[in-house]
Amino acid sequence: MVKFISDETIKNALKEDILSGDVTTNATVDKNMTASAQIIAKQSGVICGQPVAERVFKLLDKTINYQIIKNDGEKINKGDVLANIYGSARALLTGERTALNFMQRMSGIATAAAKASEMVKGTKTRICDTRKTVPGLRAFDKYAVKTGGAYNHRFGLFDGILIKDNHIKAAGGIKQAVERARAVLPHTLKIEVETENIQMVKEALSCNADIIMLDNMDISQIIEAVKLIDGRALTEASGNMDEKNIAEIAAAGVDFISMGALTHSVKALDISMKFE
Amino acid sequence: MVKFISDETIKNALKEDILSGDVTTNATVDKNMTASAQIIAKQSGVICGQPVAERVFKLLDKTINYQIIKNDGEKINKGDVLANIYGSARALLTGERTALNFMQRMSGIATAAAKASEMVKGTKTRICDTRKTVPGLRAFDKYAVKTGGAYNHRFGLFDGILIKDNHIKAAGGIKQAVERARAVLPHTLKIEVETENIQMVKEALSCNADIIMLDNMDISQIIEAVKLIDGRALTEASGNMDEKNIAEIAAAGVDFISMGALTHSVKALDISMKFE
Amino acid sequence: MVKFISDETIKNALKEDILSGDVTTNATVDKNMTASAQIIAKQSGVICGQPVAERVFKLLDKTINYQIIKNDGEKINKGDVLANIYGSARALLTGERTALNFMQRMSGIATAAAKASEMVKGTKTRICDTRKTVPGLRAFDKYAVKTGGAYNHRFGLFDGILIKDNHIKAAGGIKQAVERARAVLPHTLKIEVETENIQMVKEALSCNADIIMLDNMDISQIIEAVKLIDGRALTEASGNMDEKNIAEIAAAGVDFISMGALTHSVKALDISMKFE
Amino acid sequence: MVKFISDETIKNALKEDILSGDVTTNATVDKNMTASAQIIAKQSGVICGQPVAERVFKLLDKTINYQIIKNDGEKINKGDVLANIYGSARALLTGERTALNFMQRMSGIATAAAKASEMVKGTKTRICDTRKTVPGLRAFDKYAVKTGGAYNHRFGLFDGILIKDNHIKAAGGIKQAVERARAVLPHTLKIEVETENIQMVKEALSCNADIIMLDNMDISQIIEAVKLIDGRALTEASGNMDEKNIAEIAAAGVDFISMGALTHSVKALDISMKFE
Amino acid sequence: MVKFISDETIKNALKEDILSGDVTTNATVDKNMTASAQIIAKQSGVICGQPVAERVFKLLDKTINYQIIKNDGEKINKGDVLANIYGSARALLTGERTALNFMQRMSGIATAAAKASEMVKGTKTRICDTRKTVPGLRAFDKYAVKTGGAYNHRFGLFDGILIKDNHIKAAGGIKQAVERARAVLPHTLKIEVETENIQMVKEALSCNADIIMLDNMDISQIIEAVKLIDGRALTEASGNMDEKNIAEIAAAGVDFISMGALTHSVKALDISMKFE
Amino acid sequence: MVKFISDETIKNALKEDILSGDVTTNATVDKNMTASAQIIAKQSGVICGQPVAERVFKLLDKTINYQIIKNDGEKINKGDVLANIYGSARALLTGERTALNFMQRMSGIATAAAKASEMVKGTKTRICDTRKTVPGLRAFDKYAVKTGGAYNHRFGLFDGILIKDNHIKAAGGIKQAVERARAVLPHTLKIEVETENIQMVKEALSCNADIIMLDNMDISQIIEAVKLIDGRALTEASGNMDEKNIAEIAAAGVDFISMGALTHSVKALDISMKFE
């Protein structure tokens, strides 16, 4: 994430919390008081969001000293000190919740991504994310997925061609849709086709699709599809992928498994900030 | 939510997904093609986000017809049609994911809020939210909490005085903190004090705090605190409140239970969009 | 005021003055010329806006040295040097008007707030402001009121419940309005009811309103109302409060007097900038 | 004012008042309730700001019907109905203060401008404004000045060349400053020179300044300067111009009198909104 | 271009021209006057920018009637009427220059793109654009290239992998760079490698690059490279491509020719607006 | 250009190129790698845009060291090193294209402005620009014109009065238009009238227009007009001014020649960035 771009999101987060002012802190804490605090893990997992938390505090007071102890992507255990912070007591108190809101979500995503990746270890399969992210935080969500050791699918509608059932219907068939895409789209983008059954897989293959998505197929269909495709296109399994089925599906030899739950149903990692 | 304010968030969500264009849709779907689609529940719960989804599509094409079948706050069952949409096929396809990303999160929150509220039914206790929301979406998260039948705590740092442990430490004691707050803050705001034990409860009471938060206390402490306070201040239980303990805590007679998990660990409600 | 928030207002002020460029300065003053200047009071009063003026110049050239001689809130006399400034001559000339426009208004407000506060000295009454501020400058106007020694009422529509005549009419009565508010609003906000006569005061009392506004009442009514309320609610006198009547009204024992004129009819304090 | 430009200012004004929501109105007034209201003059003067007030309400609810009874620039008397408004009760209540804040200031300015213009009637002198406007509202302030029948000076630093004492000092003299300006500036702008005594007037004349500002001169100096200039440049009197001296100064034959007080020390015109 | 996204650019263009107001038009043209005007070609070429011009006027006055006679992409001859416009005379005059500035540039690009495409007709080669566009107008420039019948390369740094000489140097070789890219980047993006000689082409081929750019090669090198690649990767000729050499290079069998001059050195098409 | 204003344009340029990230650079170049690069002229001309290019890189990484070798306005020859840059390799690679896009256009404009100015050397005529700039870049385009040694006409519609044929038509004649303008417009602006023939010149003269534009007149008309005007107004020749006719027209004694082509049809100066 380029700082001057992500800054807008972080500033907006601070604004929605502070608006006309942190009335409690401004009333109870002297303007010039300084304080030390620690970011502490209250749960095990993979840490993510340190530069974001640092930026939150620095936007409030650029003299804050934020010392990272555990870097993004490191495994952390309950009780670990993740960062030491020193500076304006007001800035620490005002920024605390916003910093933790980012960090807890990002670490929750990274932890889930790491867990899923671990489950397919030893196969060639890559776990990847989807566009099912929280509105406004896609760059943060996707960064967290990578931090956890999984992979990013396309960022949005603009950097990947994914022909879905409704595109196929609108174009009049897989063949027509692929041809239309190939006729006008930048040559830097691969063409992926979503298929729901073996017949559609065959059609996609015959159009030389670069990637074939096997959507909501059961394991036997996936196995059949992967055999049929036989390396002539990349394969991506999708649709209700979860911890129960991804090991088996990876074993079937797909190149990618895309999991919406990595970002649409995040369990926040418990992290807190303690003043000394 | 005032439309001209929430519009910025919705526009940003669309922008982050569309950026330089929905390449697939623009290539495969004719500009003037129209389509009908339905928003369908794939899971039971409480629906939330209809006006947001409608706005997503209208921002892409103001002639889209979005007919709401289930209003925000209604209970829905798997298979229910939630909305019928008709209009530009491109707008429907381009907006689909953004609309669902909002709606699935908001409905997930509303469903959890409804469930928690149900569990304290019959008591005077109100379930309320916290500031542990996703950065940038607080207005949406809090609206969803209310839609589910629970209550909103303060929106941010500006519309409620909540004196926490670190404010107390900085001010030099509960008494000093409350006095400083009372000395300068707008008289329209109540003063809430976070306490961790009975001694602190007593101090807060002696300062005439309007609300006393019982933070991370066990059930026996909560019972003792509520008795001690005896209506002289409002009481709020907080800290790891979940489905396992809220019924018991409500029975102890607290006025409010605030639950961070309502918004920091949302399970998206499964909702999809089907083209006819 | 959080700097990264108030910066937007200050930048907009500079932009509306500079737009395509300060043609005169750019033509007549060498780019690398430096200059010294002083901010000087041409009238007595209370100074306010030093950090804003400093920021105006720093936004134009971050190397400007702005040395504050009189801090916000200090009484100043005609002829006093308020600040010494040194740095880019272009930045000083380009920023002069914008800096003074902020400072003269803010000092005008602080001076009026100090005067009104002085007039109720010795009573328990607090002079407070209203929402009758200049569009876009509320944070600045309210900061100036506090700087002058008076108090802030709610910032906006979001951080205080004030049930006015039209809300009462719409809800069907004071009782209904208060109950509706209590049923849904965050428990961190007090409920204030605007009353116009003794009968309304009684109704508001019977609903346990936290604050009762005595709007446009004459002094005898105010005295009667304060006696009747007898500490069971906070009292606020409002409506054409000015230097002629506030001492008398304060003597009647109201808790607050809110004065729109503090911000809607500001007399700028005369301050100028002199180059050496 | 171009609507899509002034809209930003009006939206910001609404945002600073509403932020997270008008809690009182949303709690006490039904969403679908409609209401009628009137804007009423509580003081005589010149009305200004009708399109702005209308826009405030329309931004909240575009179906609001705002019927203007007195157009901008008309003289109004105490008790006059200025506008009838009909529509969403919530929008009327939420927008009331913001609409009035704009309107009261703008009408206050227009009234003062009309009064000053009246005082120089029969002379060739034009009363004009300055850059001493409220930060962020210059377009509104200047529109109000024109509405009152006075004239606008340059809008900002970009659309008029005004060589002041410090520019002269920096350039090394009036002659040098004027020559530098003439050497590089767009030929569409006139060159105005600020003078403080007769000697400076002579120098400005000898450089063919288009406009000569007579700054802080007493009436005898002004008379002498006007005679000396004798139509070879436009003349502008400036510096503490007020109701006491402008008639006399106009009689001296200056072309323009610029009055900072028109906008830096505005007395709001008393206007209210009454629900039926 | 999605309207609510391109609107920002169009509004900014209007703002930079109008700022504090179109002083001439507002002074000389009555507010309620209407007028008819025609957009007329003063040169032959390919028209582009009609929806943008229409939007310019509609943003100034939404009741303007803009009737398109020649659609984007049509060939036009000197003297052709391109559009009829009717509505507010002020809006027509104020918007004229901004509308034409967009349209003349966009038509200039479309015309050049059409010309270059015509020159490679009959070959499989596609003329495409580059990122050498005017800052802030990339979406407009790229739309114009397509309108002229040529193709778009990647939009920016985010939707295409293009490994250039400096990436290769930084990574330690073509092989290393391609492997690093393949290891982490979304599988929806193809990998393009920039080569400057036959040796580099061989290396790129051996890494299975999807696209090989032949940068600044002479015709004989290009012929050799295309033969060598033999369909195993897409080929793109780049570097000082112009009307003199593209026919010959296309004949050599490259898939793409990318031309920076299409957008970095645009000759505006002469188009004017005539009032009736 | 004021930095905090031009920064918005530069940031937008970077955003449109980077959006979700420079995928290639982030994949192939280590985060902490540094590099040295040179900006090199590949063509002779006048350099312009150094501070803009520097700012591009500094916005990406504020520690970048950008050493300017040739200052804006200097003549440069093919092969000249224009700047040395050192710092984050990623920032250099990510910013390269945006920096060059600004610089090539700006240097192209400066070069053309210098050439045209050279052609009228020895006369009193000043070459000036028009409002035919690229939407969004007017401040940059006009800065480049000045850098090349030519002059700026008004910046936009707000800082110069230019009464064109359609204003004349709308007002009912030159006399009426000039009078209307003089009656209401700020006295800091001169009045320019566009004329197409000698008759119109006479009318403009009789109204004491400050500047008379001779639009699309042939050389003999221009000579006649200049004689007729005889210094009583400034004269500006306009309409298809190019290298073929400006020397002759300057010799006729006009004060200004305004050339749209300086900015509407820019030939980018070839400049590249070479990594060491």
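Chains here go by letter, A, B, C, D, E and F, matching the order in which they are written, and residues are numbered from 1 within each.
By our rule, a contact is a pair of C-beta atoms (placed from the backbone, for glycine too) under 8 Å apart; a residue touches a chain by one contact, two chains touch by 3 or more.
This is a predicted model, so every value here is computed, not measured.
**Q** Once you count every C-beta pair in contact for both, which comes out on top, C-E or C-F?
**A** Greater number of contacting C-beta pairs: C-F.
**Q** Please identify the chain with the largest separation between its CA centroid and the CA centroid of chain C.
**A** E
**Q** Which pair in C-D, A-F or D-F has the same interface as A-E, with over half of the contact pairs matching by residue number?
**A** Having compared contact pairs by residue number, the answer is D-F.
**Q** When the C-alpha atoms of chain D and chain E are each averaged to a single point, how far apart are the two points in Å?
**A** Taking the average C-alpha coordinate of chain D and of chain E, the gap between them is 45 Å.
**Q** Need the CA-centroid distance for the pair chain A / chain D, whole Å please.
**A** Their C-alpha centroids are separated by 52 Å.
**Q** Just how far, in Å, is the C-alpha centre of chain C from the one of chain B?
**A** 33
**Q** Where in chain B do residues touch at least two different other chains?
**A** In chain B, the residues touching two or more other chains are 18-21, 94, 138-139, 155-156, 158-162, 184, 186, 189.
**Q** Which word fits how the chains touch one another: line, ring, star, complete or other?
**A** Looks like everything touches everything, fully connected.
**Q** So in the complex, which bits of chain A are touching chain F?
**A** Residue positions touching the partner: 1-2, 4-5, 138-139, 155-156, 158-159.
**Q** For the complex, give me every residue of chain F touching chain E.
**A** Result: residues 9-10, 12-13, 16-25, 27-30, 33, 35, 89, 92-94, 97-98, 100-102, 104-105, 108, 131-139, 156-171, 176-177, 180-181, 183-186, 189, 261, 264-268, 275 of chain F touch chain E.
**Q** Note which residues of chain C are touching chain B in the complex, please.
**A** Per the touch definition, chain C meets chain B at residues 126, 128, 146, 151-155, 158-162, 184-190, 192, 210-211, 234, 236, 255-256.
**Q** Considering the complex alone, what residue numbers of chain E touch chain D?
**A** Contact set of chain E toward chain D: 11, 14-15, 18-21, 59-60, 94.
**Q** For the complex, give me every residue of chain C touching chain E.
**A** 19-20
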